[in-house]
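Please read the structure below before turning to the comments.
Chain IDs A, B and C follow the sequence of writing; residue 1 opens each chain.
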Amino acid sequence: MIKIQVRTAKRKEMIDITQIISDVVKKNSVNSGICMVFVPHTTCGLTINENADPSVQADILSSTKRLVPENATYSHLEGNSDAHIQSTLVGHSILLIIEKGTIQLGTWQGVFLCEFDGPRTREVWIQILK
Amino acid sequence: MIKIQVRTAKRKEMIDITQIISDVVKKNSVNSGICMVFVPHTTCGLTINENADPSVQADILSSTKRLVPENATYSHLEGNSDAHIQSTLVGHSILLIIEKGTIQLGTWQGVFLCEFDGPRTREVWIQILK
Amino acid sequence: MIKIQVRTAKRKEMIDITQIISDVVKKNSVNSGICMVFVPHTTCGLTINENADPSVQADILSSTKRLVPENATYSHLEGNSDAHIQSTLVGHSILLIIEKGTIQLGTWQGVFLCEFDGPRTREVWIQILK
């Protein structure tokens, strides 16, 4: 397992980590397999979406905020229940196919860490299987 | 990696691709392992749900439309922000267990491509690990 | 594949199955790999979230109920469309990294079966790849 750190700057933010994952996989010299990416946290998530127009990220963040508002009534008293729920909706891992030593993504796809309760230093764990 | 193409006919639609995946896995003669299915797109997704009563698919589509309406106010100007957000909520990959050369599903489970911005020709990528 | 059974007691409930998965992986003597956990059902799901304060589970359940109400208008006539939709939002599988024979989780993370249409006896399928 490879561990990397990602620093987030805002409470809600999507950070493109595609290049970091791509570099890790290239160094690992696995020709064909699967790359699993995992966040060991409960208030952030991982997703795949468009990395060309940043307005897509803005729309994803505004919609997840609208669906799960920060200031609704929650049982959990730390004030970040919205982030816990958003992380469950988005998910804590993504999977990528490796071919010819390279992660395979669609033309418009990037991999994003979705920060829902930042700013924090987050860990991203990468496991490669052949 | 095996690539297949799926043609969708509507803007929002769920297409049962269970048989396609099952056939690919059977041809691959892997006794025990994992089958990863991935869509290289940012406005469609993959899910598992009931394949007996088509009204379940209708309910999933109407609820995702209600949660993320097509005509809300979005930053992204291509008019398909709803589809980008729905794809992140549903996810871009699913995983199936392979035993005795066959994908293992529950009695009522099927694998569906969720088209959120069709009609289009979509690719589905399948990776098998033993 | 290892199959375990989990008994749920309520219609909506989150059950911590971290220890069960951890025990299965320890018995399997895989040093490094991936553990895939899957539910063969269409009205429950699997997620990772905080296992310290149970109020987080209460908030996840109340938010998924609010987003997809039990008594809205649905096509499916069995009265459990909310559960089908919630299972697609949460997902039917989770992935864990195995290192030194042990599943790797963050400090606050636990693995939960999300019952959306109980009480029932649910199966959880575990596949380990090295």
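Heads up, the rule we're going with is that contacts are C-beta pairs under 8 Å (C-beta built on N, C-alpha and C of every residue); 3 or more make two chains touch, one makes a residue touch a chain.
Worth saying up front: this structure is predicted, and the values here are computed from it rather than measured.
Visitor: Any idea what the CA-fit rotation angle from subunit B to subunit C is, to the nearest 5 degrees?
Guide: That rotation is 120 degrees, given to the nearest 5.
Visitor: Same or different for subunit A and subunit C, when you check if over half of the residue numbers at their contact belong to both copies?
Guide: Different-residue interface.
Visitor: So how far apart, in whole Å, are subunit A and subunit C when each is placed at the average of its C-alpha atoms?
Guide: For subunit A versus subunit C, the centre distance works out to 20 Å.
Visitor: Can you tell me which residues of subunit A touch two or more of the remaining chains?
Guide: Touching at least two other chains: 34, 67, 89, 91, 95, 129.
Visitor: Sort out for me which residues of subunit B touch subunit C in the complex.
Guide: For this pair, the touching residues of subunit B are 32-34, 47-50, 53, 55-56, 58-60, 62-64, 67, 89-91, 94-97, 99, 104-109, 129-130.
Visitor: Can you name the residues of subunit B that touch subunit A in the complex?
Guide: Subunit B residues touching subunit A: 1, 34, 36, 38-42, 67-68, 72, 74-78, 81, 84-85, 87-89, 91-93, 95, 123, 125, 127, 129.
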